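Presented below are the structures under discussion, each in the form of structure tokens.
The two complexes that follow have subunit A in common; it is paired with subunit B in the first and with subunit C in the second.
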Partner chain A sequence: MLKFIASRLLQSIPVLLLIATATFFMVRLAPGGPFSQERQVSPVILEKINEHYGLNDPIIVQYGNYLKNLFKLDLGPSYAYQGRSVKELIAESFPVSLELGCYALLVALALGIPAGIIASLKPNTLYDYLPMSFSMLGICLPTFVLGPLLALTLGIGLGWFHVSGWYTLGDRVLPSLTLGLFYGAYIARLTRAGMLEILSKDFIRTARAKGVPEHKVIFKHSLKGGMLPVVNFLGPAVAGLISGSFVVETIFQIPGLGRHFVNAAFNRDYTMIMGTVLFYAILIVLFNLVVDIIQAAMNPRLRLHD
Partner chain B sequence: MHFSNTQKPLLSVQHLTTSFYTRNGIVRAVQDVSFNLKEGEILGIVGESGSGKSVTCYSLLGLLPQPPAKIESGRALLGDVDLLKASRKQLRSIRGKRISMVFQDPMTSLNPFLKVGTQLAEALQEHASIRTREAHKRAIEALEEVGIQDAAKRVEDYPHQFSGGMRQRVMIAMALITRPEVLIADEPTTALDVTVQAQILDILQKRRAELGTSIIFITHDLGVVSGFCDRVHVMYAGKTLESAPTRKLFEQSKHPYTQALQSSIPALHDKETALYTIPGSPPDLSNPPRGCPFAPRCEHAIPACSSDETPMELKPIGEEHFSACIRYQQGDLS
Partner chain C sequence: MKPRIVFASLLLSHLLVGLNCGCSKRETPVERATRENILLMGNPGEAETLDPHLVRGMYAGIITTSLMEGLVIYHPTDDTLPEPGVAEHWSHSDDFRTWTFHLRDNARWSNGDPVVAGDFVYSYKRMLSPALGAEFADMLYVLHNAEAYHQGEIEDFDLVGAKALDDHTLELRLEYPMPNFLNMLKHFYWLPVHPATIEKFGKIDSRLSTWTRPENYVGNGPFRLKEHVTNKGIIIEKSPTYWDADTVQLKEVHFLPFDRHDAEERAFRAGQIHYVSRVPINKIDFYLENYPELIHIDDYVLTYFYRLNVTRWPLTDERVRQALSLAIDRESLIKNVSLGRERPAHGYTPDGTAGYSTPQEVEYNPEKARALLEEAGFPNGKGFPTMDILYNTSETHKVVAEAIQQMWRKNLNLNFTLSNQEWKVYLNSQRELNYDVSRSAWVAGYIDPMAFLYMWTSDNGNNNTGWSNPHYDALIKKAYQTSDIEQRHAYLQQAETILLQDMPMIPLYWTTRIYIMSPDVKNWNPKLLDNRPLKYIYLESS
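Let's turn to the complex of A and B:
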């Protein structure tokens, strides 16, 4: 098991390196530079700034320097936030996104899994159509529609929650719901599909023929297998959730990591773009590994016999 | 059907009719099927795919999804209980306790997510208030009884760590662990290769001798039937065509379909001549033919066979021997 984890982590190093390289050259292909939007800067000063950050060096030299710093785990200074390093900015905003992501994940699982199970038990009846139409709605409604909608109704209309800010526990509700409902809708559909697949298997008939009561047929015999597609989806989904959503963080004015992804790109904040992309890539790699471990624990056929 | 035998049957199925309501019409899968299972008897139900033999047995245990399936009429008496009218709870207390099943494909019939021991002990734990440790012990014993080596270790394994034949042994051990009165074996050897088939049949035979379990053995293989079953019940297109003790059925069959089936067994056939095949194919059960379903393919058919005026019915034609062929019933053929 440890060997498996170690080899997977080693395998991820070239992947991350590839992502770093691709991102590095791609952001430099975009027109403009970190300081081209600065107002009223004389060409001499601009030249000085570029000089200071090493942006006048041949691109290959810049690349070499970047990699060198990367191996020292130094992501460099942010070009847009003066005097702050990329590492600092991520360390400051990630906990906020992580917290929001965890709440949203809870909402998504708590709604999605039961809805999916109920739908799968009586397919093509009202018990199936009702949760599944809500799920379709949830998938189709983008967060930039659902967010303001929730803010309008629960926030302004009923006055239960603030519509922006990240101070009290109540402030967590609307963004978590916005994000969680969207993911929950997906999870409901995946759960339904997974459960339907398992419930049609021969071994379910065997269990019923043994006189196993229906609730045990569902929870003991079907759930593990039926959850596999959901677990699969959760790897990248969790990475996406906890690394922050630009839309939700902008709507509700949350000081999370999600905003940095987009703002860094607008500002041509090269180092910040690199930092956020790599951070996100690491999360994806990590959670995919976690998913593989969980799946092996759930599905004995995937276990390594050594 | 009236049996002259005075012994009260363990399981008596009378006029069972099961249909499937599908988009393409009503499929009459089982029509007016009756049979008795005596204590300790092995009853073979023989028929082609789609002849209704499996549906008959699934109907008894309430294992058919309803809808689309619907049990239209009939009775199935196990002692005083009519299985077809029993409540869900009542049925559940019978399934796996008084009537167990072994299925066709051992590769897919065991739950890949649960340990073999867990699955073995499950029926015991559902039906008897028994401690986990005791159930575990019984699971190991059950595996030993079907000839699996190193059973104490094997109960900790998952199904994918067993071969096909071994899994079918597990299925048999699982079905018999509660010492049921009736075992329904739905083509238990069809998915296995020939040498393993023989082993599985041996185990069934041996366990039957030890426990006195009555067996309903569903198969399409007449060869297996001849060596294994006490009585045979021949089904075609959802109906029973002939029912007789095994020897009689093979030596003096009173139905052209059974005879045609026997002529199609490669092993009983002269190697020099081409193998006999029954012309045509079984009828579409959403639009079953009138009268005898085999008449369109039967070389002895007369117009009366396909008419409504002579309804097809299983009638006694000899001692313990029943045939649905009107030409035998009328004495035209013998």
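Let's turn to the complex of A and C:
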């Protein structure tokens, strides 16, 4: 097990290096630079600023310096927010996105799994159609529609919650619902599919024939196998959830990482783009690893290979 | 199982309601803030910095003008009038080239230090330090020898026209006569910084200094920095050391950054902010009809125009450029498309800027347009290539471009395609003259026609059309050198007439500033520059 984890982590190093390299060169290819703006900065001044950030060096030298700093875990200063380092901005905003992601995950699991199970127990009846129609709606309704809708109804209409900001516990509700419902809808469909497959298996028929009570059939014998597709989905989903959703964060004015992620690209904030991309990549690698371990524990047919 | 689920969902919904106390008639954040004298303002996006010398955008600039105070400040009602700031009174030589400012004795930094003339000299030196790389250091080029110092041609700052005669007397010598100098001086690039604080957290020209953090920030304005969390908000509070603290009534101002207009407007409707900085275009009519007391439409010094790339055939022909302008019905554009109650532009500089009257050279006349086009060799648009209108991705710019495309098709039988590009890509295309027609806008940093007209000279980096005319350059130069206001305006009018006849760009309209504001906010006056001294604003429940 430890050997497996160690080898997977080692494997991820070249992957991350590849991502860093590709991102580094791709952001430089985009037209416009971090300091271009409508009111033109005079060429002399631009030269000085570029000199300050080492942007006048040949690209390969810049790349070398970047990697050197990366190994020292130095992500550099943000180009857009003067006097702030990328590390600091990530450290400031990630806890917010993490918190939002956890609540959203809770919402998604709490709604998605029961809905999926109920649907799978009586397929092609109202118990199936109703939750599945809702989940279809949840998948089709993008967060930029659902978010304002929830804000208008629960926020402005009923006055239960604030529609922006991140201060009180109540401020967490609308963004968590917006983000969670979308994932919950997916989870419901995956749970239903997984459960249907397991419930049609011989060992379930045997269990039922032997007179095992239905709740034991579901919770003890089917759930573990039925959840496999969900677990598979959750790896990248969790990484996406906790690293912040730009849409939800801008709709509800939440100071999370997702806003930095997208605004950095608009601002051509090179160091910030690199920092957020690498951070996201690390999260994905880690969560995929966790998913592999959980899957091996849940599915006796799987083994961890180095 | 079913009743259990029903019960659980009921419990959940009760829990959710309970989190926010559940009573629907509770006090809104705005009501509470008004009671506590706290102004809650929506801000379009995050402030990139609160260092007045490194600020890039208007909105961060507005916040810095509350934290720092310059020699003169914005007048509460009239943007053309100076209001004494750190300078109690001032005088100028007859030729408007030497200005002497007498600083008040009781001006203090937020750490208690007195504000002295040397602080201003230090600040100008910092702004002009080549290594600081202040993006708009050229704003200070009006000072004698400032450009030479900034470009590294001279190294002795004593040669630059900023001298502290004593602690309370500052003399500024200008490169050329500048009757409207006081208007320029109000701009945030002329704000002072506290020398000891700058030196404590770095050198005079350290770009990456941490002095702007709330725990380090020392200012001399009516407010001081209390909190700044990126993307969450900036909180400023009344400064007890400010010389005119008795006038300041607000206890705190919160600037909340919104990346989306609609989110900002929703926050207003939910009673979370007093002021919405940008109104979604589709909400303007709704507010005007239903809540006219909440929406405000002020004149603003911003020209919305289309650049024409004069290096591309057939835009090389000024008759073609004129024809394109004559075929645009600006009244209809404003009434039916842009919807912001703008003023149709009859020239480039917004009419009335600092008493300047803009030449009336732009009109809607489709017959004349067709005649000019025919004269240029394109009868009824025949033989005219398909050209493109470029704009940066935005719904507002798109609808305007579509309307213009339609007018050119209808009036001149010309085919234009539309293309949109992401902001920085678009800026790049414009700069490299990689466009045919490009949407543009220009806002003045200070109230003076020169703030609009200087950019069209041949060597200006903001020209971006390929157009150049030596007569225009000569007239602008003459205007710079004259100290007589009438004469200066006359030169500028002649120059603008040339610009409008050559037409390297098509002025469309002079925009307005549209915002929504709670009636609790008092003493908030329409301002041409959208820059209000917050020291005069107060809150009163209405």
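FYI, the second predicted complex is superposed on the first by the 299 of 306 C-alpha atoms of A that agree within 3 Å, B and C clash if a C-alpha of one lies under 4 Å from a C-alpha of the other, contacts with A are read in each partner's own complex, and residues count from 1 in each chain.
One rule holds for everything that comes next: contacts are C-beta pairs under 8 Å (C-beta built on N, C-alpha and C of every residue); 3 or more make two chains touch, one makes a residue touch a chain.
These figures come from a predicted structure and were not determined experimentally.
K.L.:
Is A:Val212 contacted by the first partner subunit B, the second partner subunit C, both or neither?
P.N.:
A:Val212 contacts subunit B only, not subunit C.
K.L.:
For A:Arg301, decide between first (touching subunit B), second (touching subunit C), both and neither.
P.N.:
A:Arg301: touches subunit B, not subunit C.
K.L.:
Is A:Gly225 touching the first partner subunit B, the second partner subunit C, both, or neither of them?
P.N.:
first
K.L.:
Of the two partners subunit B and subunit C, indicate the one touching more residues belonging to subunit A.
P.N.:
Larger number of subunit A residues touched: C.
K.L.:
For A:Phe203, using the defined touch cut-off, is the partner it touches subunit B, subunit C, both, or neither? Pick first, second, both or neither.
P.N.:
In the superposition, A:Phe203 touches subunit B alone.
K.L.:
Which of the two partners, first being subunit B and second being subunit C, lies in contact with A:Ser42: first, second, both, or neither?
P.N.:
second
K.L.:
Quick check: in the complex, which residue numbers of subunit A touch subunit B?
P.N.:
So the residues of subunit A in touch with subunit B come to 201-203, 205-213, 220-221, 224-225, 298-301.
K.L.:
Which of the residues in subunit A come into contact with subunit C in the complex?
P.N.:
30-33, 35-45, 48-49, 51-52, 77, 80-84, 89, 92-93, 114, 118, 148, 151-152, 155-156, 158-166, 168-170, 173, 250-256, 259-260, 263, 266, 268
K.L.:
List the residues on subunit C that touch subunit A in their complex, please.
P.N.:
1, 5, 16-17, 19-20, 22, 24, 26, 29, 46, 48-49, 51, 54, 56, 130-138, 150-151, 207-213, 229-232, 256-260, 262-264, 266-267, 269-270, 272, 422-425, 427-429, 431, 441, 461-462, 464
K.L.:
Give the list of subunit B residues in touch with subunit A in this complex.
P.N.:
My answer: residues 61, 63, 92-97, 100-101, 103, 105, 108-114, 122-123, 126-127, 158, 160, 171, 174.
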